[in-house]
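These are the structures, in structure tokens.
Heads up, the next two complexes both have chain A, just with different partners, chain B and then chain C.
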Partner chain A sequence: MAQSHLDELSPALKAVQKELTSKFGKKLLDTSVFRGELTFVVAPEDWVSVLTYCKESESLAFDRLDCLLGNHYPGRTDQPFEVAANLTSIPNTTRLRIKTQLAEGQSLATATGIWPSANFDERETWEMFGVVFEGHPNLERLLLIPEFKGFPLRKDFPLEGLVGGRIRTDLKGKL
Partner chain B sequence: MSAPSQDQAPPAFTVLRPTLEELRDRKARTRQPVRDDREVLTVSMGPHHPSMHGVFRAVVDFDGEVVVAVRPEVGNLHRGVEKLAESLTYHQIIPLTDRLHYVASFAQNHGFCEAVEKLIGLEVPARARFIRTIAHEMTRISNHLLWLGIHIMDFGAITFQQICFREREYMMDMFEMLCGARLTHSFCRIGGVAKDLPDGFAERMRGALDFLPTRISEYERLIDQNRIFLKRAKDIGIFTSEDCAAWRVTGPALRAAGVERDLRRNEPYAAYPEIEFEVAVEYEADVYARYRVRMREMQESIKIIRQCLDNMPDGPILAKDAAHVMPRKKDVMRSAAAMVQDFMQVFVGPQVPAGEVYRSVETPHGELGFHVVSDGSPKPQRLHIATPCFFHCQATTPMWEGEMLADVVGIFGSVDVCLGSCDR
Partner chain C sequence: MADALKNPSETDLEAVLEGGGGVPGVIPAQLDRLLNFGASFSFWPLLFGLACCAIEMMSCAGPRWDIARFGMEAMRASPRQADGMIVAGWISVKMAPRVIRLYEQIPDPKWVLVMGSCATSGNIWNTYNVVQGADAIIPVDVYVPGCPPRPEALWQGLELIRDRVKQGRHAYDGMRTIPARVAIGE
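Showing the complex of A and B:
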């Protein structure tokens, strides 16, 4: 089924793509367009500078961070972790996604200096994936209890958890 | 009393709209200055506190009666929806989204289905889009009524909650008629809705819509002239548009700050592009403005439902797409093709393409976003839910600082937070 018309960019997003490509050039490691959404992949060291430019540039004006999330791809051996930021521009009503890929144990600079709303999102990403955000004011467990062990949204973390809540199978004949 | 002279023209009616600078100024004036040299009293509000709208805990430092610092603590209701979703097919996730926000559950179903449909590239039939719009606006009315009762209770009027629940009951009854459930609807499906409108739905709905506006104006008479409410709501909790953008505060709180952003208009979905409605915008950015936005939104929702009922198209309520859509149960027992389709959807799941989308819809609380990452299998590789309440809980820090203890409860109520949605 040909669905190429769904993947076309709107004129506003084409302008965004043009501006970011001319500004950052080779720093944008990958560009993808899917369902009318524009995604750029940048290196972890360019993370903050690209996000800052997206916010400060008057023509882009991505003044809001809609959400910041992590992801885990165990198949990618060198860079299994991914952090994505969904940006929104209220005046232009455009959206953009910036992603970066991280190795195990590699940290990322915090975006709380650009958007204070990144605070909870980064805490959640850290507790769920173990991605450390350098310079975050308070990188502690947010949704889980402080004593929680492990990073539950990693793919190797079992769905039923590590402790408690399991169905016991060693009770045969005892009940 | 002498009649006004004809040659003197009446003064033109002008709405005073404060600019961003004026609002910043007003915010600085209404907030108490925070001083470092004073001893603070640390108080833990919540998680079981009658004014906390759920199990939200805030550790607050007070200097006398003034809030110095806030540390919001969420997560008491964390159920691991995102982890759970990775082990379920897209059809099976729909009931989970109900439980995110149990007051506006259809809005959450709808948002998720819109996201999956965007991922698939699926077009929803016109009748299903109109039914979705009706259900979404019913959710908005029932949510705002519940919010209104609880919010006024925050200011000390206990009876008002009972009055609002009386009217909310009509919406609950309509939902029961529509899908059999009153709270957790699970009414949306990928590619359409679960059921067609039942017989007599339109008449009963029109009956409810006929008296709701009179009831809403009755509330407005009760509240808008209440000196206690006005004193405690006007110029309290000012949160300007730039604060909203920085802290991702959306929905009525954003529109109360003078920003005309409503995803029903800006990124249209369902039947909203074919329907005429106004986006309720207020400019004062305080607790009272948020209340006004919600009251006007209820009136708009009534108009939207009326238009949907009047222009309801005929046709199927599910898309014809065997690879992604669960067929209707009554067809499954009658046609072999539908039975095979049902079998494949239940045992294998929808065949979605690999890709990554972010879709957000305008729920009664704000913009609810679903970030779906698919690797081509029937289960999502990752589902992230950016709920408005998560960010509204976070925004208690800038909203409360410098305010008085007695106002904190009202300010928290005015942004409308549901902790089930926040903690996921």
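Showing the complex of A and C:
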């Protein structure tokens, strides 16, 4: 199905797809195109090597990490978590999405060595989904209070609910 | 008049205020009225927005609704110079200690206007990170409903605040401590 949409790609993205396919071959587990957007799925072990190549290759030059985010699919029992990186090349004006799929409790190598801006993105992905990034310099809560328990963007987290009254936090020592 | 001073409980306060020259206590009462009247035309809110309601608050300060007509346009960036607070937006659990600290840094007398459904009751965000109503943490004078309220609604809320300024009434009257302090047992 995915292959049939390859002709929707712009010429620049076709070159990106050709180069990455020739470089990594079978390591790209899946290639998909949706409305002209190119997405690759890689294994967690190849995550850093593929991202490093995208950044440092002269012809690809994905010099900017737009965002790095997580997803939770409870229906996929073996690999429910997904981490996606959206890359932008400012010189080539191309965009690329690279995904990887993780099992419960499986950790992923950090991308902060490639793009320092991955720091906050990975902290947020960890606090919302519980995906641990190995080698991250400061993996702490970013948006929530430090004492928060649980990972609220997982689908099994209670959507409504008061945990500890209307304030729901212990303000002692913070006022 | 001497009888009235002997039995102050039976004194008609209005009669004393109107006609009671020479009675001690008349001058301070009138002075309070004068001061409150002046303060009601120079209510300086804290420059402080939490979420999308702050956009309506800014347009209220702009030329079309122009709360400068009532001496309210001077939004102070420091709580030490402010007379009150417009809580414009939902309060996250992480933000709550900062809101309380800002409130406590405003010198007395102070008034709090809560703007919008989120700050009033949490709105639809009955979720893990939203304080369910600003009155859970600080004393509140006026609630303005809406999502977000129109600038006219905020204007009416500020008029109610001005009434309270004139009367010298505060939400914390009769409270020994603010609700957040009660919640943590101080």
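As a working rule, the second predicted complex is superposed on the first by the 154 of 175 C-alpha atoms of A that agree within 3 Å, B and C clash if a C-alpha of one lies under 4 Å from a C-alpha of the other, contacts with A are read in each partner's own complex, and residues count from 1 in each chain.
Methods note: a contact is a pair of C-beta atoms (placed from the backbone, for glycine too) under 8 Å apart; a residue touches a chain by one contact, two chains touch by 3 or more.
Small disclaimer: the values here were computed from a predicted structure and weren't measured.
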item	value
When both partners are placed on the shared chain, which of chain B and chain C touches more of chain A	B
Touching partner for A:Leu144 - first (chain B), second (chain C), both, neither	both
Partner chain(s) touched by A:Pro152 [first = chain B, second = chain C, both, neither]	both
Chain B versus chain C as contact partner of A:Glu160, first or second or both or neither	second
Which of chain B and chain C A:Val132 touches, first, second, both or neither	neither
Contacts of A:Leu6 with chain B and chain C, given as first, second, both or neither	first
First, second, both or neither for A:Val41, with chain B first and chain C second	neither
First (chain B), second (chain C), both or neither touched by A:Ala15	neither
Chain B versus chain C as contact partner of A:Val33, first or second or both or neither	neither
On chain A, positions contacted by chain B and by chain C	143-145, 152, 157, 159
In the complex, chain A residues that touch chain C	143-145, 148, 150, 152, 157-163, 165-172, 174-175
In the complex with chain A, residue positions of chain B that touch it	74-75, 78, 80, 82-84, 86-87, 118-119, 121, 242, 245-248, 259, 261, 266-267, 355-358, 360, 367, 369, 371, 373, 381-382, 384, 386, 390-391, 393-395, 398, 423-424
Complex contacts: residues of chain A adjacent to chain B	3, 6, 34-35, 37, 39, 63-67, 69, 71-72, 84, 86, 90, 93, 95, 97, 115-117, 119-120, 128, 141-145, 152-153, 157, 159
List of chain C residues in touch with chain A within their complex	93-94, 96-97, 100-101, 104, 126-129, 131-133, 136-137, 180-181, 183-184
